[in-house]
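What follows is a set of structures for review.
Look for subunit A in each of the two complexes below; its partner is subunit B in the first and subunit C in the second.
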Partner chain A sequence: MTLVSDVSPDKHVVVDPVLTMRGINKGFGAVQALTDIDLDIYPGEVVALVGDNGAGKSTLVKILAGVHPPDSGTVTFNDKKVSIPSPAASRELGIATVFQDLALCDNLDVVSNLFLGREIGAFSLDEVEMESRSWELLRQLSAKIPSVRIAVASLSGGQRQTVAIARSLIGEPTVVILDEPTAALGVAQTAEVLNLIERLRERGLGVLLISHNLADVQAVADRCVVLRLGRNNGVFRVAEVSYEEIIAAITGATDNVVTRRAAATSANNEETSK
Partner chain B sequence: MTQTPATPTPMSATPTDLQDERLLRPTGFGGTVGASIRRVRGGDLGSLPVVVGLVVIWAVFEVLNSAFLTPGNLSDLLVQSAATGVISVGIVLVLLLGQIDLSVGSVAGLASAILGVLLVQYHWPEWLIIPAVVLAGVVIGLVYGFLFVRFGVPSFVITLAGLLSVLGLQLFVLGPLGTINLGFTSFITEFSLLLFVPPWLTYVLAAIAAVGYGATAYLSASKRRNAGLSAPSLAWTLIKAAILLVFMVVGSAYLNTSVTGGIGDSFVLLVVLVVIMNYALTRTKWGRSVFAVGGNVEAARRAGIRVNRVYVSVFVLCSAFAAMGGLLLAGNLGSASPSTGTTDTNLNAIAAAVIGGTSLFGGRGSAYSALLGIVVIQSISNGLGLLSLDSSVRYMVTGVVLLLAVIVDSLSRRSRTAHGRA
Partner chain C sequence: MYLESVSITRATPGSQTSLREANRARIVDAVKRHGGLTQVELAGATGLSPATVSNIVKELTASGVLHTTPSTRSGRRAQHVTLARALGIVAGVHFSTRHMRVALADVTNTVVAEHNMPLAKDHRADNELDKATRLIADMLESVDARMDEILAVGIAVPAPVDAASGEISRSGLMRGWDGISIADLMHRRIKRPVFVDNEANLGALAEFRLGAARGTTNSIYLRVGQGIGAGLIINGSVFRGYSSSAGEFGHMTIDEGGPLCRCGNRGCLEAIAGGPAIIDSLREGNGPMKLTDVVVHAIAGDPLCIRAIADAGRHIGIAAANVCNLLAPERIVVGGELARAGELLLGPIRHSLERSVVMSTDKVADIVQGQLGERAELTGALLYAVDRTSIGADDPIA
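Up next, the complex of A and B:
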């Protein structure tokens, strides 16, 4: 899986972002988790969101997923200003989220978890249809799950993660957010998830991928957004940036304007300092 | 997700869900039985402990007093079970959410008081009283739901306050009258105490139930097979339907030999309510969300479930069932009095749900536990009554049985964790 992503510089001139965040602030009591965050997600693009532990990545995800409302700032979805007050609202917009803490119901079986909130047949559940579709979905992800009729509690960490990822694909999302989706996965399953991310991009979905694994980021992401201590700390076009430069932005070792490249929205990537 | 090239075309004829080589494949008749045994070993006890317990209790009481298993006594026992059983169905729902309602006894008492006043003082027709009383239950449930959702007060505190307030309301409604006799001509009294299903109808109902069970099981099995999934063997389905039929026909025939009794209408009402709630819990989207909220609220919320609506709907149903139970309770006694619903109704209803196998920890249980649990409790009460032991012993024994049930619940939870079914 080498880097073959399309990085034609004017790709985004014609396409509007599907999702835009501007000036997002979020505090938890004394902790200012996010300060003045900007983020764009384009259709057919994989954006990697990287940053150290506690940088605020999951908080950003939760704002988009409707788990926490932002204190201030705007979210624009398909050119419309939206508020995302609840997870249900986020789903209705077409945002599917895989949470870092997975958010599965341990007492329910795999099928029930996959279709939770989206069951087929409100007054007479179609278990057969749901089970067949579960198997189809899990097979695509090369999931090693022996039975979909066992409680999720009895699955291994990676199996649970696969279930959480599979769940985000049910329904027809336009933006998929994956918070450290491969953290617990085996080699084959990680490769499948990366393949899946590429398939999602081909289908024109916007993907926000959070990962600490820069190899994965470099393999699938088009753009890489760095957060540091709750602030934007650079946006890079993955094809044109070195591993070291991303590390530097994450850790803040060379936190200066020269290394900061705002490549995302600009048509010209040769822009250097301001 | 349609564009994957190499999907199913399963290897050989193995059903889609049994292809993992680590699975012990439960195929055919033996496999289905084996799977059930493994499930119990793994701490997924279902209703097994309570059924075993019931058999033991009946055997002990029969040995102590041979009047216990006579058709007349069993018939009484079932009629006595109905009122608290209906209340217990509501308790099962709140327990599934991991919540509790301590006020069901008071709500039942209030329902009986409203019934008494409307019937005797205002001469309302009973077809109007019944929905009015249930509506009162719905309103109480709405208040609980609102307080819980809006302020996040723990349900046991809300309903403890409810226990007192509603009891006060009950006394207020009864007013200076104190006890109101309903008179034995009232439909509610007749229904809950005196009316029995005609013998021929019991057999028809038994046949309908068994055929209905067999047919749904058969249809769902063939649907699964058509979709390439494994399904329980036909033989096993037939055997289960046949066991159900024999059990119900023999039971009805035995009860029908009683001169004055049989199968009470009120008990049939309880069974019907349990079957309906079981369907709602296991086969509808709403039921699925009840289990999800009971298992992990935050996960349920993030899955887009409107958690607050689930809470409110369950509190409303619980209070509505309590009100219905209150009507039966008043009917059983033929009167509405300040003490209706006060003594042990509350605890019996809660104990029944737990004894029947619904977990106190939320997210695990079944509507049937209300039915099984109340029959256990009523058997103890009835059996000790036959031995002319007074209520001191009855309370102690019921307390011990409840404790046993909770221990079984906790132990099976531990075993589930060990066997990975937490």
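Up next, the complex of A and C:
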């Protein structure tokens, strides 16, 4: 009855990361916010960036979004070394960032918000084209927006998040950064946003998800990058790691006097044995 | 896009009646998708004029399809449109290993609202039941209903459930859900009758009543996804066996010295052909991989993914042949995430089944893809809830 295949599959075509950060440092005066941070994002992958308050998550995102330049370190985008001096530069590269406050104009309708600053039409606005593009985009995201002609103020939290994410996709980005997309949302809206993240992943985009909610992280992320006190404190494949291990890395339970002493002793032993 | 959908759904595009019918379908679809909408929002969502929407809604309300209640939107009076529900609602919840689906339906199994969300690996009972309860409350609100209109809640879980105790029959299969009575816990939250069963049983029930196994008396539903399970329909009803743990298809021993399974045995079918095993066989620096990615890559023609699915299919076929020799079903319906690969999975199953089965080839079960897709188990949970309530609406929980 044995029929276990003994043909081991050949190596896959190795996909290169779309975005790579190496040795990123950033200080604000006396505070060293980030120290030697490394980060990779592959296409079609959801990377969760987790960490305690003040771990440096937002600073890292702001470097990618072009808000702060890093003090040192390199950012490689599509195999080219790049610098991101301004938010416009970040957007041009193909990095779209959705910040926690969404930055939507409450008094404008969904279409105007989606195309704000990127309106279609040379001398007068091509409202028809913009509206049909909006519907197309929202449908691709399976978004539950009842109308694109109502003011954003009257939408629910999840719908506003959807509009903000949809807007980030207008410029055809390759990497989407979501800063706390499910904070302050109800369950139904959280469900919508998590499904939306899966849609982005299916479209082959790299997604960087910053979240405090580990249940959400474990639900959608492929990898989980932990920051602690401005340093890398572990990269996990979500499928292979338990909730407790991630928590341990976030809180530093894996990195304490005892473990450090143990690591130091074993390193010493190796040296003496050489 | 509007004209396009008309020409797809109607044989005679352009005629007045077909246009009207298409518009009607469009409105019902929109209401279904959003749960409940005002007429103005309906106009936006369907692209129809407010006057047309108003006319059609009036017509459909009269014929008992839709239901309108007066409400307000941004301070203006509005008509809130929902699907009509005559006898009350049932709720169905499907917790799978990585996903949760929740739906509300009336007793005729018309779904009035539906939600789904991805779940964390090793999710925990209390957390997820809380989420499900809040989702149900949310959805009730969107269709203008109250909690006491719910007749029953059907829950599908990816493990066998002991009918007597309401607990998962074997600990270790769902780590966060061990040693608790799911029905009890959910009943405490929602205060309505709750019925729990194995997802494979409910998937089988749904495919038997509404899907690919209709018209058969003996059929098997194979659920191939993260885990592998089976629901057995014998003489027209779901066969549950002693302690309700029949149909543990994924834990048939295929290779006695094979890899360790999560159940503690060696060489179970699931350890060789289950989702994690398939993903592991492809894990070679290929970045992230989920089971859906494997299916998508295979359909796109990636030879390694095709091979991995075919290998899984071959093993499943051998196990299926053993079951066929034992039960001689008319039809085997394959569902679950991996079934989306279609013939890439079914072909190898059929091939190895025909090789190992004792019946002549014209008497052997035909192997088909499920018709209800990923919603089979959810539909089954709704059907099960309706079934159990019709016995006596005020029965305490089972």
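What we mean here is this: the second predicted complex is superposed on the first by the 190 of 274 C-alpha atoms of A that agree within 3 Å, B and C clash if a C-alpha of one lies under 4 Å from a C-alpha of the other, contacts with A are read in each partner's own complex, and residues count from 1 in each chain.
To be clear about the criterion, contacts are C-beta pairs under 8 Å (C-beta built on N, C-alpha and C of every residue); 3 or more make two chains touch, one makes a residue touch a chain.
All figures in this text were calculated on a predicted structure; none of them were measured in a lab.
Undergrad: Determine, under the contact definition given at the top, whether A:243 touches first (subunit B), second (subunit C), both, or neither.
TA: second
Undergrad: By the touch definition at the top of the document, which applies to A:65: first (subunit B), second (subunit C), both, or neither?
TA: A:65: touches subunit B, not subunit C.
Undergrad: Once the shared chain is lined up, is A:183 touching subunit B (first), subunit C (second), both, or neither of them?
TA: A:183 contacts neither subunit B nor subunit C.
Undergrad: Check whether A:229 is in contact with subunit B, with subunit C, with both or with neither, and answer first, second, both or neither.
TA: In the superposition, A:229 touches no partner, neither subunit B nor subunit C.
Undergrad: Tell me the contact category for A:82 with respect to subunit B and subunit C: first, second, both or neither.
TA: A:82 sits against neither subunit B nor subunit C.
Undergrad: Let me test your reading of the model: by the given contact rule, A:91 touches which partner, first (subunit B), second (subunit C), both or neither?
TA: In the superposition, A:91 contacts subunit B only.
Undergrad: State whether A:15 touches subunit B only (first), subunit C only (second), both chains, or neither.
TA: Touch status of A:15: second partner only.
Undergrad: Can A:146 be said to touch subunit B (first), subunit C (second), both, or neither?
TA: So A:146 meets both subunit B and subunit C here.
Undergrad: Could you say whether A:116 touches subunit B, subunit C, both of them, or neither, answering first, second, both or neither?
TA: After superposition on chain A, A:116 lies in contact with subunit B alone.
Undergrad: So which bits of subunit A does subunit B touch that subunit C touches too?
TA: Overlap of subunit B and subunit C footprints on subunit A: residues 132, 135-136, 144, 146-150, 154.
Undergrad: Name, in rising order, each residue of subunit B that touches subunit A in their complex.
TA: Listed in rising order, the residues are 1, 3-4, 7-8, 16-17, 20, 22-23, 220, 223-224, 227-229, 283-286, 288-289, 291-292, 294-296, 298-306, 363-364, 416-417, 419-422.
Undergrad: Can you name the residues of subunit C that touch subunit A in the complex?
TA: It comes out as residues 1, 33-34, 37-38, 40-45, 73-74, 98, 115-123, 127, 131, 134-135, 138-139, 254-255, 258, 272, 276, 279, 281-282, 284-288, 290, 292-293, 296, 304, 307-308, 311, 314-315, 318, 352.
Undergrad: Note which residues of subunit A are touching subunit C in the complex, please.
TA: Spelled out, the residues of subunit A in touch with subunit C are 1-5, 7-15, 42-46, 132, 135-136, 144, 146-150, 154, 186-188, 190-191, 194-195, 198, 202, 214-220, 222-223, 238-239, 242-243.
Undergrad: Provide the residue numbers of subunit A that touch subunit B in the complex, in ascending order.
TA: Touching subunit B: residues 65, 67, 86-88, 90-92, 97, 99, 103-108, 112, 116-119, 121-125, 127-129, 131-132, 135-137, 139-140, 144-151, 153-154, 167, 169, 199 of subunit A.
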